[in-house]
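Both complexes below contain chain A, partnered by chain B and then by chain C.
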Partner chain A sequence: MTEMLDKLAASFQFPIVRYAMAVGVLTALCSSLLGVTLVLKRFSFIGDGLAHVAFGATAIATAVKLSNNVFLVLPITILCAILLLRTGQNAKIKGDAAIAMISVGALAIGYLVMNIFSKASNLAGDVCATLFGSVSILTLSTTDVWLCIGLSVLVVAVFLLFYHKIFAVTFDEDFATATGTRAKLYNLILAVVIAVIIVLAMNLVGSLLVSALVVFPALSAMRVFKNFKAVTISSVIISVVCAAFGILISIVADTPVGATIVAVDIAGFFLFSAAGLFTRRVAG
Partner chain B sequence: MKRILSVLVAICLAGSLLSGCSGQGKKPAGGVDLDLSILGSVVAYSQLVTILQNSDDYLGKTIKIKGQYYSTYFEQTGLIHHFVMVGDEASCCQQGLEFIWKGGYPEEEQTIDITGVLETYEAIGNIYVRLALTELTVHS
Partner chain C sequence: MPLLSCQNLILGYDGKTVVSNLSFTVNAGDYLCIVGDNGSGKSTLMKTLLHLKTPMSGEIQMGDGLLPEEIGYLPQQTVVQKDFPASVREVVRSGCLNRCGIRPYFNKAEKRAADENMERLGISNLAKRCYRELSGGQQQRVLLARALCATRKLLLLDEPVAGLDPNASADLYALIKDLNDGGTTVIMISHDITASMKHASHILHIGEQNPLYFGTAGGYTESEAGRRYIRSEGEQT
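For the complex of A and B:
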């Protein structure tokens, strides 16, 4: 136990570990905020699709040697999010098919571009790091951290300022439109915010595991709580605690950061499922 | 007002999480600026990558690293170059750092602890980074 604490204390002497914890907590907070809305709107898998788009865009940004990938990855991901969320209902290729098409298409193009243009000697390692976020979160620069803080503040601000509108659009879009809420505009805002979250979360858990950050905290909270506000607040708490524990376990046990966070999220889901079962039995 | 307050709280939280991030930590005993040998493999690998990506910030610093020894002959320089390799537990990612040592070199793939000062050198028209060792210990 003392050895583990010593290892943690030694690790936290290094800025990269403190950056990882700060970015991890902020990313978990943002992803869980919108996670509830995505799960309720039955868009759980959109995170996966957008993350694959972000992977493809990252590969292209690397190929054209951009100094900061975010400036290409973010606009492309936002564009795809708008295409998927806004035109999903009227498009000829509907919801799940469009997500599947964009998802695998971007993944394949990304891997192809990386193979053709990358001069890195450790291509498998690069792909592994981008897909599973094995150590990406631990190699952040100060610019990355401040960018994450800025984007996180933006996401939290948008959610708090438009909370009631997001609530209305989440539960009954048609009713919201009929009562004068500009549902299309709020869907557009949601699409942009979701894209920002996906790009942020890719650093933490990699593009294949992003959906877990969006879905698990919301589903865990829904096992116990039954109203939107309570589910959202508890989802945020679960997500932040799981991310922090995941990073700490990863440092102590030398496990991949992204996969460890998702494993803790899964454990949290089972814990809350058991708690939900228990409270229902006691109540009924 | 309540919402604006919440946003301000969020900004303060982010700021407090990062407080003290700019420093490199206290200088450990023995004159070593950065001791990567006491870290787990995931953090040690990540820190080594950070050092190499921002090598200008670390030039002249004394660094201690634990890893596996490898050597390879480069035709361009006509010399044998020596490396310490640090990888994560799953060997998904590995990073090497070149070093020079005045004493005898260990056998290939032996686990070593090395301490030295980070410096640059010029070869075949390029600038490279390496560790000039003051200490090398081979693990049995």
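For the complex of A and C:
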């Protein structure tokens, strides 16, 4: 036990580990905020789809040797998010099919581009890092950290400012529109915020596991709590705690960060399911 | 000046006409029931009145200073709402959103309005309960309270008693009648012709040639369309 604590204490001597912790916690916080809305709107898979788009965009950015690929990845992902959420209502290709199409399409093209243009010797390693998150997120530069902090503040601010509007649009879009709330605008804002979150979270857990970060905390919270505010707040807490634990465990046990965080999230889900069953037994 | 008047409306989707040449007016204080067979365009008409759909041609005029967003709406339940974690208070308050403008949070007056409407519909004791765990009748009351938060002038109800047991239906009809007596104009889509005849002041029967009937509820039983419809409904039940 003391050995583990020593190892942790030693790790936190490095500023880079502290950065990783900060980025991890912030990312977890942001991704859980909109999880509730996405799950309820039946858009659980949009995270997956967008993350694959981000993967494709990353591959292209790497191929054309951009210094910081966020500036290409973010706009492309936002564009796809808007396309997906807008076509949700009345498109020829329905929501889930559209997500599947864009998701696997982007994945294939991304891998293709990487294969053709990348001269790196460690191609498989690069692909693996983008799909499952960096083996450790310890490669973060200070720019990455500040970018992450900036985007997180933006996401939280948007969420707080539009909290009631997001609730109304999620609960009943028709009613909101009919009584004069600009549902289309708020859907657009949601799409942009979701895209930002996905790009943020990709660094941490990689594009294959992003959905877990979005969906698990929301589902866990919904097992136990029964109003929107409580569900939102508790899903944020669950997500942050799980991410912090995951990162600590991965430092001690030398496991991949992304996968460890998701494993902790899964454990959290079972814990809350059990708690939900228990409270229902007691109440009813 | 009528509250709402429709001139030569043609409604439809994907280029297919569902309702053609529909004209009718609604005055303040009216209780209009829209009846017709399945697929006759009742819901399409309602969505058009709510500005969720644009008519293929014709126009809808709002009078008496009624703004487009001053229409309270009681929709049919959606799948999303079946497992939505929201308290009754949160749902009712969301009806006040159109008064907020760009202000992000509700002020005291709006919170009070929500409380008053819950009081009025007898659901104050449910305020902290979870919406999805309520009975069908209670859920409809919650959505009605939300609609009242949005406006007192005009309510559009889309088959409000669908899926309710007879007692809950009767309660809800009485409540709607109360609101109407209090000055709220009501437009309701209904399958229940007996209840419509009992409560409504006007009937609009839409079908292939429009309108098959538009006029007072009393005159409907005398009309050709009314007699046929009432008889066929009587045979079904």
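Here, the second predicted complex is superposed on the first by the 282 of 284 C-alpha atoms of A that agree within 3 Å, B and C clash if a C-alpha of one lies under 4 Å from a C-alpha of the other, contacts with A are read in each partner's own complex, and residues count from 1 in each chain.
Everything that follows uses one rule, which is that contacts are C-beta pairs under 8 Å (C-beta built on N, C-alpha and C of every residue); 3 or more make two chains touch, one makes a residue touch a chain.
It should be emphasised that the depicted structure is a prediction, and the values quoted were computed from it without experimental measurement.
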| item | value |
| --- | --- |
| Partner chain(s) touched by A:L161 [first = chain B, second = chain C, both, neither] | both |
| First, second, both or neither for A:V145, with chain B first and chain C second | first |
| Larger contact residue set on chain A - chain B or chain C | B |
| Chain B versus chain C as contact partner of A:K7, first or second or both or neither | first |
| Partner chain(s) touched by A:C128 [first = chain B, second = chain C, both, neither] | first |
| Chain B versus chain C as contact partner of A:A275, first or second or both or neither | neither |
| Touched partner set for A:V257, first chain B, second chain C, both or neither | first |
| Which superposed partner A:L185 touches (first chain B, second chain C, both, neither) | neither |
| Doubly contacted chain A residues - partners chain C and chain B | 160-161, 163 |
| Chain C contact footprint on chain A (complex, rising order) | 36, 40-42, 160-165, 167-168, 170-172, 174-181, 222, 225-231 |
| Residues of chain C that touch chain A when the two form their complex | 47, 50-52, 67-69, 71-73, 75, 78-81, 83-87, 90-91, 93-95, 97-98, 100, 104-106, 128, 130, 133, 146-147, 150-151, 156 |
| Complex contact set, residues of chain B against chain A | 3, 6-7, 10-11, 14-15, 17-18, 20-26, 34-35, 38-43, 45-47, 49-50, 53-54, 88-90, 92-94 |
| Interfacial residue positions of chain A with respect to chain B in the complex | 6-7, 10-11, 13-19, 21-22, 25-26, 122, 124-125, 128-129, 132, 134-135, 138-139, 141-142, 145, 149, 152-153, 156-157, 160-161, 163, 250-257 |
